[in-house]
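Presented sequentially are two complexes of subunit A, the first with subunit B as partner and the second with subunit C.
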Partner chain A sequence: MADPPDTVEKDASASRIHVRRAVLLWVVITVLGIVFALFVPSRVFPFQASSDATRITATFIAFTVLGAAVAAVVWAVAAYTLWAFRSGSGGPPESDGPSVRRHIRAEAAWITVSSILTLVAIVWGLAALSSVSSAASSDALIVNVTGQQWVWSYSYPDEHVNSPDLVLPVGREVVFRVTSKDVVHSFWIPSFGIKVDANPAEVTQTRTTPTVPGLYEVRCAELCGLYHSYMESQVKVLTRSGFEAWVKANGGKVEP
Partner chain B sequence: MATAAVTPGSAGGNGHGSVAVPDGGGVMRRLNIGTGIVSGVIVAAIFWAIFRPLLHSPWADDAVVNLTFLGWAIGFMVGIGAFTGPLRWAGGRDLTFEDREYMAGRGQGRSRYFKFCTDHKVVGWQYLVLGMTTLGIGGVMAMIIRTQLSRPDNHIVTPQAYNAIVGLHGIIMILSLSIIVTGPFGNFIMPMMIGARGMAFPRLNALSFWLLFAGVIVLLSAFFLGGIPTGWNVYAPLSLQGPAGMDAYLMGILLWALSSGIAAVNMIVTAITMRTKGMNWGRTPIFVWGVMATMVLSLLFFPAFQAAMVLLGLDRSIGTSFYDPNGGGSQWLYQNLFWLFGHPEVYIVLLPGAIAILEIAPVFARKPLFSHRVAVLGIVGITTLSALVWAHHMFTTGWAPALNGPFMLTTELISIPTGLLFLVILGTIWRGRIWTTVSMLFVYSFLWNFVIGGVTGVYLGDVPLNYQLHGSLFVTAHFHYTLIGGGLMGFFAAFYYWFPKMSGRMLNEFLGKVSFWLIQIGFNVVFLAMFFVGMQGQPRRVADYAPRFATGNGIATLGAYILGAGMLVFLWNVIVTVRRGEVAIGNPWGGKTLEWRTTTPVPLDDFAELPVVVSDPYTYGEPEPQPVPAIAGAAGAPGTAPPGPNPAASSGEAPS
Partner chain C sequence: MRTKLLVGALVTVVVGAAVVVAAILVLRAGAINQPLLTAQVRGTAQTSQGVLPHAFLNLDTWPDSMAGPHGPSGGPHPGWVTYGPSMNLSVPAHSLVTITVHQYDSGEALLNPFFAKVRGTVGDRATLNGKPYSEINYQHTAHTFTARGIPSATQPSLFINVPLPPTADDAPAVVKVNGTMYPKPNVIVFSFVTGDPGRYVFNCEFPCGIGYQGFAGPMSTLGYMAGTLQVAG
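Here is the complex of A and B:
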């Protein structure tokens, strides 16, 4: 431990070089991660056909950007130590490493940065949550959804229509009141980014606004018995006039 | 310490086979796993024969099945001799010293591994073999699952068998992973690490293992009773419809939970009261901290699971309706009880693996553990917060939408203490002298994998994102990255590190490296692909899927086979090593914790002379601390001290 002063100085400059190289590696991995975040998830997610789905994709991308920077710290340091500090022979190292038991600045920086990042994730999530849970508009379309082993069925209380298919108008908010006749199911429309469990003897609620006409999938997302794998149906998003025509064709009435 | 602390007459040899058999044991000489199984089956048959005609309600089948399992457990435990001590005491002929020595395995060679044995090293081996066996069974089920999912519209197994296997795979793996580090290394290594001659309650230690064994048999019998076609979380009311496999599940869990509670008390008391002279909390190895934190979680949260199972058993057996909404019950009651245990359980799996990594990194980096205090802060923070996050599994259930925000908050907060563990590992390996043993490779694989598991946990903790991803394969991939990437990689690091101490033989490094790369590559291929199909919208627990998920699933199945091949190479390595591996010296890695200060094979009483500690075990790059001369000759508590120093049991270094 009684190193001559020039060794200590050499040691300090070597340390700076190591840190600089590791930071460079961190930058490279982070940039790769950000490129991945910007281009891959939005293409992998199902087609985004509601306001919620768009917001969810944005959250995913934002978290991936932050996550890439965080993971890159771990990966860069790990990879760098494996490359730069590996003991040559493959056998037991001939000497010990430096006895560094604490580094107050590194600890403080780590705790500060990780706390800030966590805070960002929390604030982001709470903001998104408050917009998801705000009150439904008064002209929202109400749809009662019933799960049973292993089919979904739908009814429109205001329009007096019952249907095995889910049909919705584009651009109008829709509130799903979800229940089950037997076990727990989960009502999931991947393209809308919404999911809520269908519980027996309870009514749960979720809502969204479809933004793009088209044909999308409805899935059960909670194991519900033998044919859970096949418990799916479709949601058809029509124009407003198309929806009204569908309601009339099924014997329902359209409110003015 | 009572039964394990004996005079070191056997030190020097392997301490077991070569010694003349003392007069002791009595009836215990005739009891072993065989008599246990026979007696268990007989009592189970008697219970079945009595209760079947007695019970006539429509629920009779489940009640009879549950009572039959109860009979098995009682018969097995009596038959293996778990209650010999108390029964002898009640009969006025308490065990003699020789009897207790017999119970500790003295003079019995290999047969002691099949007995109710109070030696913590034997119990450690028993846990290791049981844990690896159940891991293997769960792994075979994983291969069946991935084979079925290799392409859409596949018919390797029926939907019924598929559902049954998925649930079994889940619960068997959860059980295996939660014992696979604390069981073998918590029992075999931890007492030596703190300089003790055994566990605080040796008989409770054996009791906890054999209760678990009885429970595992019950759980595995579900395979013949319709499986667990509900997923491992066994949500009611689906579980009320389920086959008799549900009864096997709930009785298996009750036995496992009982076993865990007993083991937890034992380890906590051992760690608190039996640390050797000089080992204050600041000098206590971090692994001991981690085991204690894990055991605190077990002790606090298994009871919620037990309560959940008791109510489920009543619902199924006598027609109560705690969980049946049509009878006034609530499925949300079950979900809360389940996850109240189920989330801490994740940390019961993860923490021991992570802390083993923290213990091993300094040895192979030849640097002190970076910031012991931050590590302790991280462990305590994770333990505390893990009790407050359970409802993040219930964001989409509709139970309490108003609580989604608060539970999101606590969930995201847990990433701060988890991050501290990364800081400690990175700080330890930075500028070390990295010795890339297989054990150290698994430290790196932990860093790579677990950060993926951790970061994706932040996604799932975000409520709106959870609305999309919950119930999809994204979740499955995430928790495999934490439980395998964290827990199992930690186990492998620990296994390669401590196996030489346990078996006296060195694992083959070449086979180890082959298996490491197969496992690491295979694992990442499976679960990265699974993230993608989950994002695409494939739900979990489905036996079949739309063609647009075919590519990702095909790749995942390929990865699973690579992973499976890696596991087989690992198993081969273990078998070869046990049979003819290179003989290990006492301290092959240059470790400074106390278990490396005794001989290999470890004598029955662990230490000839109890070590005295003057520093923590991370003194790399520092002058060797000198023991205080006045107590250098101290040999533990009065009464347990051996008569004199034993040359054969010392590694020749000054105890420090």
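Here is the complex of A and C:
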């Protein structure tokens, strides 16, 4: 026996109210998520002193903004459902409500939005991979990095300088060729957004461009023995003229 | 029921306290159980930073533990190489510190030639039996004195590396210490200027230990080839 027309209209009206409330909650949570993405990561992350660190932070913010809308759908529906359809004093209903089938608009929207978000992630990832795997510029500064229990040491083959200090010029791409003389270490400069394993008898490579002069931390990120916690030093980013002066002061030569 | 709960809670607290005490005891056992070796200030010296107090410290490097800080029986590992007389060093801040090392051990090749150069001392130099040097053959090195620490807002960066030349492999054992004969030692002297107070570590970078790459045993145990260097205010 079919429901009377006024009951059907009441159900439809109630359903619209539930959807509007859930959508409103979704918008509020999304806005909160976006505000979080825009203001929190840049304060929590290490100071961004290289092109990679800036890109990593931008990627994190962009994906958090996109993810905020998706996560908010789940949280809003879950939260609203728990609140609006709680059983109360009458106890739980004897049966489930009618299932939703063949809602073309909902299915189309879901598939379209999911596809667009996935496509954005793929294109973004491929672009980032391309920038990482592309050849370094001909002007790049080569620095050989050697990890050893429990010290980092550096050599500049083109400048003929060996140093316990890592000193770099601002605005010039740097290629780090990293190896180890004993166990596995990990060469990590948090403010540059780079980290690469230092393996015995292997040379791993990473590169970046320092963008802000200053003093930043260099750490070992792989537990490597007794004084692992002391395997920490500093990288000094100088102006180009300052770097050239440092090279000369350490007996090296500067290419004209 | 209530009694069982109380007993259970009490047992939990007692076991928890026992675990904490055991952890503290284990950590204390791992710390260097050696006296603080304090550099003695004897006069002043002219440096690039002006006239500073001049402090002196004597160290030894032994091919075993029979003559070092581990007792006449050599302690738990008589065959391990060791620094001496202590691995707890203290030097004054804003001073010129001169360290004299009596080096009794023979040597082989460093893993990393980087540590064959003298770095961080006055003039990046040391003296070997009175003769100055800035670098030695990395394939013929006994040990290194390598000190550094975590640079931070509260303490300045410090990096000192002095390679210690070896005695000859066939050098006759002519010095008797604690009943054990050793060759005539090489005497290495170097100086460095300290800054603000800070806590640093020092160790040997020559793989003179045991196990993989020679970095286990005395190289990985505080009090043998690894210790602390305190710059005291």
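Note that the second predicted complex is superposed on the first by the 222 of 256 C-alpha atoms of A that agree within 3 Å, B and C clash if a C-alpha of one lies under 4 Å from a C-alpha of the other, contacts with A are read in each partner's own complex, and residues count from 1 in each chain.
The definition used in the following text is that a contact is a pair of C-beta atoms (placed from the backbone, for glycine too) under 8 Å apart; a residue touches a chain by one contact, two chains touch by 3 or more.
Since this is a predicted model, take the numbers as computed values, not measurements.
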Comparison of subunit B and subunit C by subunit A residues contacted
B
Looking at A:V183, would you say it contacts subunit B, subunit C, both, or neither? Reply first, second, both or neither.
both
On the A-aligned overlay, A:Y230 touches which partner chain: subunit B = first, subunit C = second, or both, or neither?
both
Between subunit B and subunit C, whom does A:A106 touch in the aligned arrangement: first, second, both, or neither?
first
Examine A:S114 and indicate which partner it touches, taking first as subunit B and second as subunit C; both and neither are also allowed.
first
Quick check for you: in the superposed arrangement, does A:S137 touch first (subunit B), second (subunit C), both or neither?
neither
Once the shared chain is lined up, is A:T239 touching subunit B (first), subunit C (second), both, or neither of them?
neither
Which holds for A:P164: it touches subunit B only (first), subunit C only (second), both, or neither?
second
Based on the A-chain superposition described above, do subunit B and subunit C contact any of the same residues on subunit A, and if so which?
182-183, 200, 225-227, 229-230
Along subunit A, where are the residues that touch subunit B in the complex?
1, 15, 18, 41, 44-46, 52-53, 55-56, 59-60, 63, 67, 70-71, 73-75, 77-78, 81-82, 85-87, 90-103, 106-107, 110-111, 114-115, 118, 121-122, 124-126, 128-129, 132-133, 178, 182-184, 186, 188, 190, 193-197, 199-202, 204-206, 217, 219-230
Could you list, by residue number, the parts of subunit B that touch subunit A in their complex?
159-160, 163, 166, 229-231, 235, 237-238, 241, 325-326, 331-332, 365-372, 374, 396-398, 401, 404-405, 408-409, 412-413, 415-416, 419-420, 422-423, 426-427, 429-436, 444, 447-448, 451-452, 455-456, 458-459, 461-465, 467-468, 470-472, 532, 535-537, 539-546, 589-590, 618-623
Considering the complex alone, what residue numbers of subunit C touch subunit A?
111-112, 114-115, 117, 119-120, 146, 148-151, 157, 159, 161, 201, 203, 205, 207, 212-213, 215, 219-222, 226
For the complex, which residues does subunit A have touching subunit C?
146, 148-151, 153, 155, 162, 164-165, 181-183, 200, 225-227, 229-230, 232-234
